[in-house]
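Following are the structures in question.
Each of the next two complexes has chain A plus one more chain, namely chain B in the first and chain C in the second.
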Partner chain A sequence: MLEKILSSCKLSSVSKIIEHAPIQFNRRLLYTTPVHYKKQAGRYRVTHRGDFPLTYEMANPPHQIAHRKSWNSWNTSNIVGGVRPAETAVEDVFIRKFMSGTWHNLFVSEIIIKRQYNIIRIAGIIQRTVNPRKLYFLIGYTEELLSFWLQCPIKLELQTVAERKDVIYKYI
Partner chain B sequence: MLTFSRNLDKILLKNVERQLAACHSTWAEPKKEVKDEFRVLNLKHVKGQTQQRKQPRKTPVLPPRTNQMPVDQDWGSVWPGPRSFHPATVPLPVRQGYVEKDASPGKFGNAELMKIPNFLHLTPPVIKRQCEALKKFCTPWPKALDSDEKCEKHFPIEVTSSDYCHSSPSIREPLARIVNVQFKLAALKLNRRAKDKFLRLVGERYDEESDTVTIVTDRCPLKKQNYDYAMYLVTALYHESWNVEPWEELKTEADMEHYVWDNNASKASIEAVFAKPAEEIPNISVYSEAVSYFMNEGESEYTVSKYGEAVRRVLDLPLLDAQAVSEKNPVRSRMNHHGHAHHHHCEIITTNGHYMMPHYVLQAVLLGAAVIFAVLVVGFLIILDRAKFTNVVRARGQAQEAEELLVQALARFGQLNDT
Partner chain C sequence: MMNIPVFLKSPRNVKQANYLSSLLYRKLSHSADVEEKIEIPKRIPRGPTDILRALESTITRDPTAAHYKYHDDPYLIPKSNVGKRTFAMAQEAGRKAAHWIRREHADLFNHREADPVIQAFLPRVVYNEDSEVTENDLKQTIEDVQVADAVIVYKALKSKGVKVSKETEQSLLDLLCYFNSEDTLSEEFIEERWFMQSSRSKERHRKIWKDGNLAEEIFISIENPTAEAYSTIIQGMTKHFQVTRAWELYEEAQNKGLVLSTNTYNSLIRVVNFLKEQYDMRWVLIVNLLTDMNKLGLKPNLATLNAILQALSTMGGGNAAKDNALKTLREFKKLGIEPSLGSYYFLLVTFCKERGPKSTILYDIMAHIENKEHKIRDLSDTNFFVTAMDVCRNHLNDVEMAKRVDRLLHIGNNYDLIGDSYKESIYYRHYFILLVTYVPLDEFMNQTYDKLVPNIYVPEPGVMLELLTQVELNAAVEYIPKLWSDMTVFDHTTRENLLELISNIMVNNPPADSELRERFSYIAWDMYNKIESQNENRYNKITLTGEMLGKIMTLLLKNDDFSKACAVMEKLDKGHSSIVGIPKFETLSLFVDKCIENKAPSQAIRCIQYCADSGFPEVNSLAVRLDEKLTLDEELLGSLTKAVGNFRLDNKSSANVE
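Here is the complex of A and B:
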């Protein structure tokens, strides 16, 4: 591979030298290009009109976790000596996907997953756009199905707001 | 019937999207009111047919419970167990969050308050109530065990193991199997030989400073098994250290690890000197201690001086000034010596020989060595001087010879000139 590149660059003499030298893949190279700290994750672009709504969670970029905002998953898996970190992470992703699909367009906050002993408590803020009867059904449905899949008790602890505007922190 | 107008206008489309993102769409449940038979496709955005958005359904919502709560309510029944924060249930004006140049966000619609763990279910009266409920399952502390010393005396073994509480569906934790058993060596009834053997068996598990033996067992999968194994180890160690093997009787004085004065020739010789048993000799304990200390610690300034002092005491000789001072403040002299072990002079006091070389003989030997050394140095200097002297003499002789040769040569030259 290296030879091909070198020959294409018409550096045959160099390639001959390198031909006999063992190729070391673990060598360390000096990278002189200036670093471009273009961090984009968890940040929102400012709009011209300044009318893009942000919740408190969205308004604070990830480096503010543990300073201005806290984590959305609470468990002991990732502390030193914690057990089954990978399983916990995958289960959390599954719970989030299930919740956002089942409670479609109802959650106006992030889904907070708190684990205590073998209990999983799912918290969040929903808006009151559906019938309370439907909400009761969804709560039972979610708790039943998730506890069947994850084999542990699930509790849903929801708070309702009248509309999405109630959780908007600022507009950008 | 609800009419939907489709806007081709780009800006309007963007607006709609944004509103969709920002607000909840209510299109999932169309109203069943019938205005026209058919929906009209409004290609050009005619002003008369504006988009009709459905107003969100207004469900009657009760005011928060906190408004109706009496002041003297039983909070333990309102919030019985661990639960995420709920603003309508907690009658506290709490706030959480950071806002630049403004007050923090309030408790309604605040996800940060729901994230953090709360202890609203563990208020002091609730804890008191739970303790009262648990009291009937507890037994009083035995009155006889009123001090730590008594506890240690009656329950010498201390067993430590850990339980782990993870937030996981499994209650298994491999680290919970480890059992740590500690006890004081003094609690075991062992004689000197058995204690020595016990210490050899436990090795580094014995801590000399606290006189504690620590046994950690983790090889079995369960805590119970590890505990049983640890108890088995303690029992086996105890009985094994009392065992005497036939080959142990073959141990001679040369195999001893420590110098024991009672077993050695030093005792026999001092008994021979005083012609009475060692117990009756005055100050013998000082002497035996000094000899043992010297033999066990090795030769150093401190051990030698201590030995000399002991000899003077036993023989009832006057003490040296330095020894009298060291007697007054022994700690300081102890600090001066730092246990330099010089084993090459140990045989001056023989363990199995028939003579003993006291302290003053050692001084005489040292003095003789010093005199010999001084003589040697003086002799060397004289030789050096002589060597220098002969060089000068030889040089002078050579100069004289050269002078004579010159005189002869000049005379010869004169004779040649004359002829």
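Here is the complex of A and C:
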């Protein structure tokens, strides 16, 4: 910023600015708030070759939430009178990590977590690279283990697609 | 009021008329209110789940969807019996894996997330010989039906010399006797229970009581056992068919003058056929036991009735058993004990013997139980529906009755009484075979088959055979494509008899429209490929016979799939020494005709060669036809002559004869 000002001013006028605002230049400010990448978060950069696949959700930037796409976590923790906002957020992160690790390379969509009363429903789209029998094993395992961990009923709501290509909305 | 119709004539006045009528209505209803007294209904106390139950009662089973235990996704919906079983069991196996992890890392799962704490989510307490236990732990394990844990806790208590109270000892004895001192499958694993029982029923009626187990030890260690302890141990022994010891203990208790419980008598009556060999002796023993009960002032209950009827059902097909069964029923009716479905099940077993006179008792039974909702009251209740359907099919051959039984099964929650997966499939097997034999095929296909298959019931190969036989009898070839695709999905295409039957039907009933012909040709080719691509190491592989190949070829040729037919012909020709049987001459003749049509003389000559090798006397006529229709060059003519000899000469000579 300062450089810009300096370059735009004539050299003779620099001293004038310094005279007028001596305090500004003598004090060094430390900005401690995390940077808010408002223009970058949740957006994908166009690649050179234009071959980066995006799902429909990825293709829509955050400001399209509630317009063209929806939330990934559904709960009432953050409305007035909601309970356990911090715990809910941490648990959701845990669930997402657990799901992507246990269902390795199977999810081709975001993992949607919906909470109603004490029930947590985990939804998503998976690809059919694994035998349905194994998928049923994973369903049983995930539902049971997560309910032991979070101590509430967990349900999976899965849909399958033949391959990853089926959920690609566009390439950029 | 009279004016209203006049108002209504012009549309402009409609609004006015409405206003007026509403006024009138208000006035009328108001005057009615004055006369009527508002009665506020009494509050009905509701349970916490009553609303859910009310909602649930509005939903019936949707036959177009898979059972709700499966995921609603085309890839994850099972389509065959094997699929249904493996998917459900795989899910349960996954749940068990989670249980295993929780058990192995119990220290990690001790956090308390839920408020109030839900015990089911927390890891189980692990006991061993040295753990610090109190009587309360023992009570808790008994409460939770953890048989093995209860045994460990009990032993730990004994080794520490802790005195266990009489009541706890008795309830432990109850637990051990009921479960034969073995851990039982947790009630959580419903799928395993649903699919398991079929295998368990086979080992029925065999002594499974473990002699000298902890239950017996505890019983012996009790000084002066009470009547209660005697009752428990006798019931445990009879339940697991240690009959002789049970009877000894019964006599011991008699001598001591102890009054045993009604259920003990019931259990003894149930095993009376192990105690006495002859039928009349068995009945005498039952009567004696009942007289004893009467003397002691014990009131019989439903289990007594069912025990007597069960014992009678094992006493052959004589009239004595039947008479006694009816007498018993009458007697218990007088006592005000309503028979359960299990009682009727035993009646059916007694009356409808395989090699006995026909009995119409099911009609009388249905009069009592029809259009009612039944709850389980006895373990044997789950046998009723499958047996009733068996009787309908094998004993009565009565479709109407079968439909009535089926209607009863679908009233309220009666479907809970179907038992397990094995009983369910037997029930539907009987129902299907009966319907397919006696109901017009169209009606059966539209109303039953399309509705129940595949989500509720997947027909076994035997049922499919019956269905195909009916299709053959009715010449209803329009169902063949559908049935073939079902057979493919249900994994029936490895059954030789089914393949033979379906190909017979297709060959013997040549369809008129070209679409069906095309489908048939597709099926035939599919069949051929399926058999050809069988795994080499399969246990009972299907071997292609000459007849089968001939039928496949006919079907292909009818649809002008000449190249595919050539492939089949080649297979026949190459495997001439290994393939059993030969196709019909008509097929080969048809093939030659199609060769002529397609101008493929070399294929035709190969076929004629094959005919000659197979020893068909009519082979000359084929050669002649080929020669007439197509102009053959020298080389081809030479090979044709090589195959059948000098056919031109024969032809001329035969012409001369004519």
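Criterion: the second predicted complex is superposed on the first by the 134 of 172 C-alpha atoms of A that agree within 3 Å, B and C clash if a C-alpha of one lies under 4 Å from a C-alpha of the other, contacts with A are read in each partner's own complex, and residues count from 1 in each chain.
Everything that follows uses one rule, which is that contacts are C-beta pairs under 8 Å (C-beta built on N, C-alpha and C of every residue); 3 or more make two chains touch, one makes a residue touch a chain.
It should be emphasised that the depicted structure is a prediction, and the values quoted were computed from it without experimental measurement.
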item: Chain B versus chain C as contact partner of A:Gly81, first or second or both or neither; value: first
item: Chain B versus chain C as contact partner of A:Trp71, first or second or both or neither; value: first
item: Touched partner set for A:Thr32, first chain B, second chain C, both or neither; value: neither
item: First (chain B), second (chain C), both or neither touched by A:Phe137; value: second
item: First, second, both or neither for A:Gln159, with chain B first and chain C second; value: both
item: First (chain B), second (chain C), both or neither touched by A:Arg128; value: both
item: Touched partner set for A:Gln40, first chain B, second chain C, both or neither; value: neither
item: Partner chain(s) touched by A:Gln151 [first = chain B, second = chain C, both, neither]; value: both
item: Greater chain A contact set [chain C / chain B]; value: B
item: Touching both chain C and chain B, counted on chain A across the two superposed complexes; value: 118, 128, 132, 150-152, 159-160
item: Contact set on chain A toward chain C in their complex; value: 118, 128, 132-145, 147-152, 156, 158-160
item: Residue numbers on chain B that touch chain A, as the complex places them; value: 18, 21-26, 56-57, 59, 61, 82-84, 86-88, 97-98, 105, 108-112, 114-117, 165-171, 173, 175
item: Chain A contact footprint on chain C (complex, rising order); value: 71, 73-76, 83, 86-88, 90-99, 101-102, 109, 111-114, 118, 121
item: Of chain A, residues touching chain B in the complex; value: 51-53, 55-57, 60, 68-72, 74-77, 81-84, 88, 105-106, 108-110, 112, 114-118, 121, 123-125, 127-129, 131-132, 150-152, 157, 159-169
